[in-house]
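Think of it as A, B and C in the order they're written, each chain with its own count starting at 1.
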Amino acid sequence: MQFSLGQIAAILGGTVEGDPNQLVYRLDKIQEGKSGGISFLANEKYEPYLYETNSTAVIISEGFTPNKPFKTTLIRVKDAYLGFTTLLEAYAQLSKTSLVGVEQPSYMHESSTMGVNGYRGALSYIGKNCQLEDDVKVHGQAYIGDRVKIGKGSIIHPGAKICSDTVIGNYCEVHPGAVIGSDGFGFAPQADGTYKTIPQIGNVILEDHVSVGANATIDCATMGSTIIKKGAKIDNLVQIAHNVIIGENTVIAAQTGISGSTEIGKNCVIAGKAGIAGHIKVADNTTIGGNTGISKSIKTSGQTLFGFIAMDLKEFLKSYAVFKNLDQLQQRVQQLEKKG
Amino acid sequence: MQFSLGQIAAILGGTVEGDPNQLVYRLDKIQEGKSGGISFLANEKYEPYLYETNSTAVIISEGFTPNKPFKTTLIRVKDAYLGFTTLLEAYAQLSKTSLVGVEQPSYMHESSTMGVNGYRGALSYIGKNCQLEDDVKVHGQAYIGDRVKIGKGSIIHPGAKICSDTVIGNYCEVHPGAVIGSDGFGFAPQADGTYKTIPQIGNVILEDHVSVGANATIDCATMGSTIIKKGAKIDNLVQIAHNVIIGENTVIAAQTGISGSTEIGKNCVIAGKAGIAGHIKVADNTTIGGNTGISKSIKTSGQTLFGFIAMDLKEFLKSYAVFKNLDQLQQRVQQLEKKG
Amino acid sequence: MQFSLGQIAAILGGTVEGDPNQLVYRLDKIQEGKSGGISFLANEKYEPYLYETNSTAVIISEGFTPNKPFKTTLIRVKDAYLGFTTLLEAYAQLSKTSLVGVEQPSYMHESSTMGVNGYRGALSYIGKNCQLEDDVKVHGQAYIGDRVKIGKGSIIHPGAKICSDTVIGNYCEVHPGAVIGSDGFGFAPQADGTYKTIPQIGNVILEDHVSVGANATIDCATMGSTIIKKGAKIDNLVQIAHNVIIGENTVIAAQTGISGSTEIGKNCVIAGKAGIAGHIKVADNTTIGGNTGISKSIKTSGQTLFGFIAMDLKEFLKSYAVFKNLDQLQQRVQQLEKKG
């Protein structure tokens, strides 16, 4: 997308000091500004960059008086910081929603339907009997299996794979390469040491405003549904196994794994690389540290847990402080034994 | 897929009490049953759901007498549970094998061949000189490089990537987004601190009945083959490095990583997020806990190992119990020192 | 690719003892040699395999005298080992660079350009205003967003996804399924417990000679750039969050995760599954062990760190040795207390 400085000034209710026909297509930090970008100057600490920047334009507050020459064009607004964040959100919103229509070649089975303002990128795949509501954006190379429902305004990024029977709510984002609805890992051991595959015939439900990160995986339920509740945010490379339930507004950072049939409460914050066992429940408002292992249910809400096998964060740090000099502690015991 | 209740009753050797022309296309839990689904009732604990369910049909044992009105249609069979599991397996089998033919647009080099009953989904890619046996299903957006062989009945799910020279046995499944045969991570350090890429010209062999999870990665060998032996099951986001060998019927849960040239024995069970060093051997029938680090060869078979650096599970738990109060132990030593 | 033995002998300055028109298309270990492959014999320990191998040809040093009959054809060169490594590098180089032209169907927006000797595989996607320099290879099903720049000789492997505004230097490799430039994980907590998405409008820069592994993910910066510096090598399933900087010639093994805004120095070696917190700096030449957690900045260069919370490797091992018998240490303290 590109905009003229005149268009941007109109959006922000400001004025251009220079050529309003100049085009910009990027938002830059002022200290890294390049031609074609627009920056802002709100904190006086950054004023020296104004005189050096290669940004095509800089958003600046009405009262500012430059004291040196500069190359860039100024856009004067009431409050430069507020103007920039307005622009930032408008830009992000536009870049996600401006895509409309169908690029070819692509594939959609004749039994599937799209609402108005939809987008299907080239090389995207949409199987049978899918229902895509208004404003759904299916990017290039995204895959949608059969009987998938996708709610209004949701975005399926390039190369994301939505397997058959998945239900996606409104305003969700599934980032590139994520897999939603792959078979759960279920195998029944046989007497001869081999394993028989247990059919996985359930699905995945993402409620509204859910975000799933790049190359994350969410398996379908064995029967019933794996459910990611409203507003939950899941980072890159997270693994969510079959029949898991993730509570509302719970945030899970990268590379964490949650084993089958576990239920995570709402408003939890789980840091990166945590590992959570199967068939347990984690109470609402639990904070779980990076790399932490959760092996049994957390029943009291509001705890902050940490450690190879999770314990209270402060207790863990006290124990680990002693662990760091454990050899010395052992020597002290030896000394005492000698004396005794 | 959809079936009439009459067709299902015929498969199960049962009778329909109601309209045999009603269609179902989904298997549901009775407590979550919706129109278009078929459920079963075997455990009397679930009987109350029979009178509430929205399932189109419920499979029920011959002797059952309802004691309230209900909306659903009954299919009477000898044993409801057995009938349902029969249906479940038939359904899962059918949904995986019923796809036949070629969707367009897609790409297959003229030098490659497919057997009978094969499927190539839209936007799938098949390179040069590939041999796909009978009943192979290559889903939409799956990628098959050059000179790949795929045995009878194997399924390559959407967006899975099978790199050149890979050999896949019979009845394997490669789940969405998995990468088989990517370059091993081999770089030779140079005197100036840079690295030179070591050519990775080997391949990957999956023997029969191997399953590889969504977004898992298996690198090709530097020379020779990375081998996943018969019946091994590998979960989502697992990393298997170059020249690794995984033994028969070994099961590896999500996000585990196995470093280069390591050999894992047969019938091992490795939980999620374990990390196994390179150039070691793990004995048959080893059980490795979640997040566990294996830094040296495991020579005795049948052990259960756990811990940041693996040790016997029970010993680890004893040590960790003390660790949790390590600060107190230190204080006790201080007390003794004062007394002394 | 295939070559006649005559062609290979010409490349190596050797002579064929047999039919120079025989074709080979694979490099094999002599002990695993099959028809269509070429092997080498340099170490006399492997001589017995010469008499058994099914390789079509074996490279052998001039002075070697066989003492048994054999089936394979010999190619005599001055130094068999040197000859083979020459062939290995030539083969790897050729197999990566020999692809030229465009396979159809594929998609490239009319505003994008490719240099000479380029390759676009079938079902690849190239968005608007991209600039691909000479010798760039975009494999089948690779995805390139809008305004992406890719330098000379870089290879985008099958199904890799390069999001909009990414800048890739010369001679980089992005392996299958890797995602470069996905949205950073940024959400602002709101008073009602929900999260608001923070627009992520920056990009990713890969400098020259960078390698990114299969299914790895590198998020774009919130503003500005996430930067992977010259010669850095990143393995499969690694997560690199927004605004991270990775120093020159730093090597990061599989499944490691680096949180937002962290800066890793140059010539570091980071083993698999390490987890590095956000907003910290790691000094040059740091070695970080497998599964190690780094929670604060590492200021002294040249350290080797290990542990659940990183400490000096040797110190960790000393402490862990005591940890393994921590229960006994506690009992010894109890004994002392009883005595006292």
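Please note the rule applied: a residue touches a chain if its C-beta (ideal position, glycine included) is under 8 Å from a C-beta of that chain, and two chains touch if they have at least 3 such contacts.
Predicted model only: the values in this text are computed from it and were never measured.
S.K.: Could you tell me which shape the graph of touching chains takes: line, ring, star, complete or other?
M.R.: Chain contacts: complete, every pair touches.
S.K.: Counting shared numbers against all numbers at the contact of chain B and chain C, is it over half, same, or under half, different?
M.R.: Chain B vs chain C: different; shared/all numbers falls short of half.
S.K.: Fitting the CA atoms of chain A to chain B, what rotation angle results, rounded to the nearest 5 degrees?
M.R.: 120
S.K.: What's the distance between the Cα centroids of chain B and chain C, rounded to whole Å?
M.R.: 25
S.K.: Can you pull out the residues of chain B that are in contact with at least two other chains?
M.R.: 105, 123, 141, 159, 177, 215, 237, 255, 273, 291, 308, 323, 326, 329, 333, 336, in rising order.
S.K.: In the complex of these two chains, what residues of chain C are touching chain A?
M.R.: My answer: residues 105-107, 123, 125, 127, 141, 143, 145, 147, 159, 161, 163, 165, 177, 179, 182-183, 185, 187, 193-195, 197, 199-201, 215, 217, 219, 223-225, 237, 239, 241, 255, 257, 259, 273, 275, 277, 291, 293, 295, 308-309, 311, 315, 318-319, 321-323, 326, 329, 332-333, 336, 339-340.
S.K.: Touching chain A in the complex: which residues of chain B?
M.R.: Chain B residues touching chain A: 26-29, 32, 88-89, 91-93, 95, 103-105, 121-123, 140-141, 157-159, 173, 175-177, 209, 211, 213-215, 231, 233, 235-237, 248-249, 251, 253-255, 266-267, 272-273, 290-291, 307-308, 320, 323-327, 329-330, 333, 336-337, 340.
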